Amino acid sequence: MTARSVVPAYVRPTPARVAGMPARGWTLVLLVVMVASLELYARSGAVSRLDLIPVSEMATRSIELLGDRDFVVDALLRSALLICVSFVASALVGVGVAYAMSRYRWIHRAMKPYVNVFYALPIFALYPVMVVMFGTGMVPIILLATLFSVVIVIANSLVGFESTPPIVTKLARSLEMTPSQQLRKILLPSALPDILAGLKLGLGYAIIAVLATEFILATTGLGQVVNRAYNNFNTVDMYAGIVFVSVFALLANLTLSAALSSFDWRRR
Amino acid sequence: MSSATTPIVRATQVEQHFGPVHALGPVDLRIERGEFVSIVGPSGCGKSTLLEIVGALQDPASGTVEIDGAPVDGPRRRTAIVFQESATLPWRTVLDNVAFALEVRGIGRKERRDKARELVQIVGLAGFEDHYPAQLSGGMRQRVAMARAMSTEPDLILADEPFGALDEQTRMLMAEELLRVVDTIGCGVLFITHSIQEAVLLSDRVLVMGRRPGTFIDEVPIDLPRPRSHVALSEQSATEAQERIWAQIRSEAEVAMRSER
Amino acid sequence: MNARSVRESHRGASTDRHPGSPAWAPPLVLAGLIVIAWAVSSSLADSAVYPGPAEALESLWSDLSSSRFLGSVVDTARVLLLSYGAAVVIGSVAGMMLGLSAFWSGAALPLVYALNSIPKIVLYPIFLLFLGIGDMSRGSFAFVSGVLPMFLIMVEATAGVSRLHLKMSASLGMSRWSLIRRIVVPSVLPSLAAGMRLCFGLTLIGLLLAEMFSGSSGLGYELLRNLSLARVENIMGQVLLIGVLALVPTLALQQLELRIRRRYEVTA
């Protein structure tokens, strides 16, 4: 725009670039600035090495961890396994329960209020109970992670099943489809985008639950690596663990998003 | 600076680009005081772009716009824009929606509510002052928008497909309502529509815009006596005008449709 | 025509009603069934690590008469209130400010979303290193757990303000401040209410996790203390208490959200 604008700023079109750089470029700049200032702050000597280490050291150490057999087997693979099991369980149970709720009105009416308020309840308070009943092994973690992630899958799948256009349901009835045909050929495909959105969130919740429970109380696992390093005053390993967990969670979310998006007919 | 002979709108060689897309022009547009001018054209031809440039909602890539003899330098107090019916604010009652423009201009509460009450009467919404837009039909919401536009005593109304979301019968009723309003306050109107019938019924002059980049390909004067009602549409000069406009638009729309899909 | 369309739109706005039993009956029946199942299974198991509902309530009652436990309840409530208030205020104001600029939203949001997908609990040791054990560290952690979602919701809500309303405001020559007060704030109120409800649950979970990991008082600390003492009936009683404490504000916030949405929601 060469001349002075006569348009109030808030309705002007969004500029494609600011200072010659597009928004994506600025994202990178922000990221680099944040990492660099953390690095400089850690190296400046203004902070004790027991509190903060440079980002470069966190990164090197977390890559070293990948070569450590104990870490890979006891922490990484174990946590990944727990996450996978909980995720698959909550996906199957979640879609099933949502289907039952959409099909039987009394189930719907009995469960809907609980689905609505579930995430206001600090479900992690149940973890100590489960530990007493099942010990500190894999079982309480899987139970809690499944419970924590299943409700978001239910909520989203339910939206999907319920937003099936009535005309499509009428079509199914006019073709005299059996309930199982209706589910496979009409309901599931129609609800798929919402179910996929629920599964993406479900994975995120499963990751959070597994890492949080491992962190609070467990004998092994990624979360426990951070916990142990903190308690042993091993600041380097603690930050390396945090960086590792963050990258792990980010990659898992991105991978699943990309994988699920290819099934989503709304995005084609 | 203005006199009785100064046109209310004079746009000269106005052009618009959106990135690599040449959206509009160059076009010239002149509207006399109190004149009703419609622009019809295929969708995406740049009609609304031109209206927004005149209303200072977009900066033109080039060209100049003068309103009442003065170059546009921002939203103008005596220009009122009527949008689609959903431009009513859902959290305000009918009365407060109508009084909105006056409130923004700092008119006192008592004065603006009195004025708004009067306008609510004029557009036929008496008794609905305390209703919320969600409780009204689309046509009634559009009446609210029209009353708001009248509240600032405009000498120019810009209407951007105001009836686009309404059903056919309501459109016709609202068009007659708009005619009545414009006759009452005697302002110039720039009216954007894709309904040829609506344009012929309302206008003194219909401008036909061709496909992107929009330029005017025809200008059709409408010689029908005022005040008008939908009955006027069956007069011969009206049907002739409609056929002439449709013939122009049809070929443009066909080409536009093929290039878009 | 007018009177009829008004009646119709009223009917459209009213909530759908089911014939037969009132809405609260099925969820209560479900809750009753669960309690009965709990009571029966615990009396059948007859195990020290699986107390029934009566024992849980009994021990909760005796807990509530201990001044140390009451102190913990008050501590948690106080820290929760402060961090929740801060998360709502700072998250919504900052979110609205960023949301007003489409370009900078586009630049900054990917980073915030990435940050939000990290299981935040593993970051808690950092809070401990810098702020020490106490109200400051767990309060800050609870704040961070709640503020990011609040912020993200408000950025999206502000960016989603109706374009038509913006144009209408521009045509009236409204100043930016007037726009914020008269258009933006009312437009984002429904999202603000939804965000406040969500933010409450997340802040509470963050706080309890922090207390469970390391604390000297608070409900989360009590849970883990009872775990090490193997007092399961106390844990269960306290879980019930936490559930009730979380549910009451959530239901109130849900009502608030419903009221606001009824009046402010823009139906395109």
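A few comments on the model shown:
Per-chain numbering from 1; labels A, B and C assigned in written order.
In this text, a residue touches a chain if its C-beta (ideal position, glycine included) is under 8 Å from a C-beta of that chain, and two chains touch if they have at least 3 such contacts.
The structure presented is a predicted model; accordingly, all values stated were derived computationally and were not measured.
Under the stated contact rule, the graph of chain-to-chain touches is complete, every pair of chains being in contact. The most distant chain from chain A, with centres taken as the mean of CA atoms, is B. The mean-CA centres of chain B and chain C are about 46 angstrom from one another, to the nearest whole unit. Between chain A and chain C the centroid-to-centroid distance comes to 18 Å (mean Cα coordinates, whole Å).
Shown for chain B are the residues that touch two or more other chains, namely 56-57, 74-75.
Residues of chain C in contact with at least two other chains: 167, 169-170, 173-174.
Within chain A, residues 7-8, 11 each touch two or more of the remaining chains. Listing the residues of chain C that touch chain B in their complex gives 1-2, 5-6, 9-10, 13, 162, 164-165, 167-174, 178, 182-183, 186, 189, 263-268.
Chain A contributes residues 1, 3, 5-8, 11-13, 16 to its touches with chain B in the complex.
Those residues of chain A lying in contact with chain C across their complex are 7-11, 14-15, 18, 23-24, 26-27, 30-31, 34, 50-52, 105-106, 109-114, 116-117, 119-129, 131-133, 204, 207-208, 211-212, 215-217, 223, 226-227, 229-230, 235, 238, 241-242, 245-246, 249-250, 253.
Put simply, chain B touches chain A in their complex at residues 18-19, 56-59, 72-75.
Here chain B touches chain C in the complex through residues 52, 55-57, 74-77, 79-81, 83-84, 86-87, 89-91, 100-101, 103-105, 128, 131-132, 134-137, 139-140, going by the rule given at the top.
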